[in-house]
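Okay, so chain A shows up in both of these, paired with chain B first and chain C after.
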Partner chain A sequence: MIGLQILIDGFAISALYGLAAVGFTLMFGVSGVLNLAHGGIMVVAALIAWLAAGDLGLGVYAGTLVGILAGLAAAYATYLVVVRPIQRSRAIPREETEIFVLTGTLLWGIMIQVGMAYLFTDNPVSTRALIGGVINIAGVRTPRNEILIAVLCWVVIGLLWLLVNRTRAGKTLLAASMNPRALTLLGFDLSRIYLLVWTIYGVLAGVAGVLLASFLGVSTANAGQLTASAFSIVVLGGLGSVSGSLVAAYLVGYLETITAYLIAPTLRPIPALLLLVLVIYLRPQGLLGRR
Partner chain B sequence: MNRFLRSRLFWISLLVVAVAAVLPLWLSGYILGVLTAAYYFGVFAMSWDLLFGFAGEVNFGPTFLIGLGAYAAAILDNQWGLPIPVCVLAGAVAALVGGLLLAVPALRLRGPYFGLVTLVAVLLLQNAIVIFAGVTGGEIGMTVPDVLSIDPGVNYWYALAFLVVCAILLFGLSRSAIGLILQASGQDAIEAQALGFNVTKHKLAAFCVSAVFSGVAGAMLIFYMGTASVDTVVDIGIGVQVIIAAVFGGRRTILGAVLGAVFLIVASELLRPLGQLNTFVVAAVALAVILFFPDGVLGYALRRGERE
Partner chain C sequence: MPHPQLAPLSPIRPALLGLAALAGLAVAGPAAQAADPIKIGVIGEESAVAGASLTKAARMAADDINAAGGIDGRKVEVITYDDHSSAADGVRAFQRAVNQDKVVAVIASYISEVALAIEPWSARLHMPFITPGAASNDISKHVHDDYEHYKYTFHGWLTSAFIAQSICDFEHDMLVGPFHMKTTVVMSEDAAWTTPLDARYLDCLPKAGLKVLDHIRFNPDTTDFTPIFNKIESEHPDIITTGISHVGVQPTVQWHDQQVPIPMAGQSSQATTSDFWRDTNGAAEGVITANAAAPGVATTPKTVPFIEAYIKRYGVSPAYDGYSAYDDVFMFVDAIKRAGSTDPDKIVAAMETTDYVGTMGRVQFYGKDDQFTHAIKYGPGLITGVDVQWQDGKQVCVWPANLANAKIKFPAFIKVEAAAQH
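Moving on to the complex of A and B:
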């Protein structure tokens, strides 16, 4: 009984983790950027969705859409205000761009978090369920909303797969992750590719944030935790590997759920952290990463 | 030219220290308290700069080392009532062990991977403290029976003296041959190795030095405050502040880190009337510095000095 419960809850949580991490890893694969404002962007999407759906009276569906757009806007702002100026700066040596992007996005993430906390307070908010009702799966009462969220996550991940592997724009993204210089020699404009990847990233982070608000609820205080969990999932799976991130998301999601149900909720994050340290020591490129 | 600049920097620093030393004669206890905390922060930031600016290791968890030193000292004092110097020494040893633990992955991993290990180290330490609440006081923290002094002026002088000693040692180290080799191995490890330097040995040394200074400073800080808690010495937010201070002041300058730490602490104290928004403003200023003066305040000043 509790086994099935773990199976179901873990599946939904992991799908959400996976969705949140996929954009993060795609961004790293294509443009080499590790965006530490990731959690902040998810929180923006969640809070705006909550505001639009509740106080502005747009209803759940329109509110969700507004939230996703807000996530996209936050991603664009991150790129235009922080990441692009650092990438183009002449004063920053090339080999140090990475650490500057990390520090810059970290500061930006803090600004987003504190700014949102000022506007919305740090009370957790959750949007109304997308669909109501509970169904009974072999004796485990499961909210329909939870199932819908897991399905939506996988639909979005599937769409992403189609976009990357089956469209021309997606193929340029893949090419950019393999050899950006050759791509520019073929006459492609790298800055447009970066803009595209930030667009995809913004939508993914926005959807993840909005769904999180509907499933578990979100508070501005979560921003750092969200970034950390996406970062660890991505590293566990292998930086830049989308399928690796999904595998890692399920590993972490189930480990956390099993710990919370069977051992103690307070120890929830620990086994996943230990696993992460172990993998980093033994296999630094991650589970499915390439060297 | 460089020598002249160095000496000018030296005279300015001497003047600043002299002014700082007589401040307790005029300032109130409250302001001295703020500055005392800022000085310990300065040591945190300097030892971070040695690891990042010179050895090129991105340590996202300076509070792992700080927290180990602080908690080792606090537990010894709280449980067994050992005298302060012994506790501080124990803090240094604990941090040193932590530094060696961090150095092992650092010598195998690059950039973001190592950064993540350090981040995870902080999270694990934080969780361990909460789980073993019986010894560590858990989330509430624990009080330390012994304090350095109850007089704000004396505390201030302790902190200032400690800061000056650390600054001289770390700055001297960074300008010595070892500092240059570290810088070379941080920027291009393969080439440094090809030139015949033992990169592993030097990086290991950098970790040890950085760890010991962080640990001692962490231990001193708790004996100043009289309590040790996760929020004050282990939380990732504190680590982020250390990093911001060092980058703001200027990487690879050591002394800039002190400037950054004092600015950061004093600014957030001055901006306190803004309430929640003070962190926002401080982060925005630091971001602007990173975007427009990537060399940091002191780095920028030194560079201008060179051009003249």
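Moving on to the complex of A and C:
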């Protein structure tokens, strides 16, 4: 009984972790950017979805769409205001660009968090469930919304897979992650590829944000935690590896859920973090990392 | 020299400034004495539901007092600060209020950790201080244990022990009796205010007729409450008795979405304001919480006009500490009037003899020899608080009987009939 409960709850939360992490890792793989404003962008999507669905009276579906667009807008803003100027700056030595991007997005993330807290307070909000009610799975009362969210996460991840592996644009992304210099020599415009990856990233972060708001609720205070969890999942799975991130998301999701159910909810994040430390010691390239 | 062009001007500037300052003094000097406002510092938490309510209510109180003529012609000026829910920022705000802004009294915080950090500074700086929302028993215990030092601190909200007692009294009257409930699980966030709260719960719930099956304390950072509700459900209590203030939306929404078939009652501070319905998208339906007063319920003749004016001005109903913060400004002003002075020791002496009917009831403070020195007195005819339940988007009052305007009813997913058959 409790085993099945863990199986179901762990599946949903892991799917959400996975969705939040794939965009993060794709971005790193393609453009070398570790976006520490990640949690902030998810929070923007969640809060705008909540605002649009409730106060602006658009209802939950339209509100969710508006939230995803807000996530996309926040991602574009991050790219255009923070990341691109750093990447293009002649004052910053080439080899230090990544550190500057890391710092820039960290500070930008804090600005987003504080700004959103000013507008929305740090009280958690949750959007209305996309579908209400519960169903009974072999004795485990499961909200239908939870199942829908897990399904939606996998649909989006599946779409991403199709996009990357089955379309021309996706293949240029893959190529960029392998050898950006060769790509430019072949006449591809890297800045267009970057814009594409930020678009995909923005949609993924936006969807993850609005689904999280519908599942567990989101507060501006969560921004740092969301970045940290995406970051550790991505490091665990291997930086830049999408499938590694998915495996790691399920590992972390289930470790957390098992801890919360069988040991204590308060200790929830500890075992996953211990695992991360172990992986950094023993296999620094991550579970499925290439380097 | 980096800026040679400024050099010829520089000797003239200080002289000009000095002249201007002298002129200002000459004009403002005599007038200032008569019309000098009496300043009260108010430290809140603008990004938290309860913490934002207390500063709003205090500003409203000052405006109401000034509209009625102020203190013998002097205006009351409320200066607000934000401690960002941090004890260190709270202490800094307190020091700034006292040393820089020259306030004569301070109203601060709904968070016990913040109030407990400010308390020794109130002692050191001899600054009358009241907390409208913090609950820890230790606040008044410190005053009791070292009265000469700590007498500047007052506790303007029920201590945790009395909050728990009030909830035990409510559960005895309304759940054990009418619904034949016999068992409960205590579910509290881990914080300074819930330690004494839970201690009293564990003592008074059995006396009220509810066997405590389990006692769960959880980290306020918890985002997924499923495992906690799952554990509680496996123990089959009739009611979950809550002690939550820093959290509220997430456990409530998840309780609703997962259709946990056990009702929740107790202290759920975020549920005390009307915003809670909006924040939870109506998942609050059926939640019961202790509150200072209830919308539309005339605890005293001042209650309803206050709530209505507050909603008109801010578009939301006050949280529990909005009522107490509003009353606290009036009590300080009353004390200053009676003392005829803003001397801190005289204000403290006058505060001790307070007998003030405010928005949440009749306020008196316990004395030097009582267990909870300078805390507000708990009991019928004084302050008991009320219990409200969220029903169809509104808070209705379900306890005490003389103020109740509705009967308790639970959402469909809650199995109270089953509970009644135990």
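In this section, the second predicted complex is superposed on the first by the 291 of 291 C-alpha atoms of A that agree within 3 Å, B and C clash if a C-alpha of one lies under 4 Å from a C-alpha of the other, contacts with A are read in each partner's own complex, and residues count from 1 in each chain.
The criterion applied here is as follows: a contact is a pair of C-beta atoms (placed from the backbone, for glycine too) under 8 Å apart; a residue touches a chain by one contact, two chains touch by 3 or more.
From a predicted model like this one, the values you see are computed outputs, not experimental measurements.
Peer 1: Does the chain A-based superposition show chain B and chain C clashing or fitting?
Peer 2: fit
Peer 1: Of the two partner chains, chain B (first) and chain C (second), which one does A:Tyr261 touch, if any: first, second, both, or neither?
Peer 2: A:Tyr261 sits against chain C, while chain B stays out of touch.
Peer 1: Considering only the touch criterion stated at the top, classify A:Asn145 as touching first (chain B), second (chain C), both, or neither.
Peer 2: A:Asn145 sits against chain C, while chain B stays out of touch.
Peer 1: Check the residue A:Val235 against both partner chains and state whether it touches chain B (first), chain C (second), both, or neither.
Peer 2: first
Peer 1: In the overlaid three-chain picture, which partner chain does A:Tyr118 touch, first (chain B) or second (chain C), both, or neither?
Peer 2: Touch partners of A:Tyr118: chain B and chain C.
Peer 1: For A:Arg128, is the partner it touches chain B (first), chain C (second), both, or none of the two (neither)?
Peer 2: Only chain C; A:Arg128 stays clear of chain B.
Peer 1: Touching A:Asn136, do we find chain B (first), chain C (second), both, or neither?
Peer 2: Once the two structures are laid over each other on A, A:Asn136 reaches no partner at all.
Peer 1: For A:Asn222 in the superposed arrangement: first (chain B), second (chain C), both or neither?
Peer 2: Second partner only.
Peer 1: Which value, in Å, gives the least CA distance between chain B and chain C in the superposed three-chain arrangement?
Peer 2: The answer for the closest chain B-chain C C-alpha pair is 6 Å.
Peer 1: Can you list the residues of chain A that meet both chain B and chain C?
Peer 2: On chain A, the residues that contact chain B in one structure and chain C in the other are 117-118, 266.
Peer 1: Name, in rising order, each residue of chain C that touches chain A in their complex.
Peer 2: Going through chain C, the ones touching chain A are 46-49, 52, 85, 190, 218-219, 221-228, 230, 247-250, 253-254, 257-259, 270, 278-283.
Peer 1: Which residues of chain B touch chain A in the complex?
Peer 2: Residues 52, 58, 105, 108-109, 111-113, 115-117, 119-120, 123-124, 127, 130-131, 187, 236-237, 240, 243-244, 247, 276-277, 279-280, 283-284, 286-287, 290-291, 293-295.
Peer 1: Can you list the residues on chain A that touch chain C in the complex?
Peer 2: 2, 5, 9, 13, 54-55, 117-118, 121-129, 132, 134, 141, 143, 145-146, 216-217, 219-220, 222, 225, 257, 260-261, 265-266, 268
Peer 1: Name, in rising order, each residue of chain A that touches chain B in their complex.
Peer 2: 34, 82, 85-86, 89, 91-92, 95, 98-100, 102-104, 106-108, 110-111, 114-115, 117-118, 224, 228, 231-232, 235, 239, 266-267, 269-270, 273-274, 276-277, 280-281, 284
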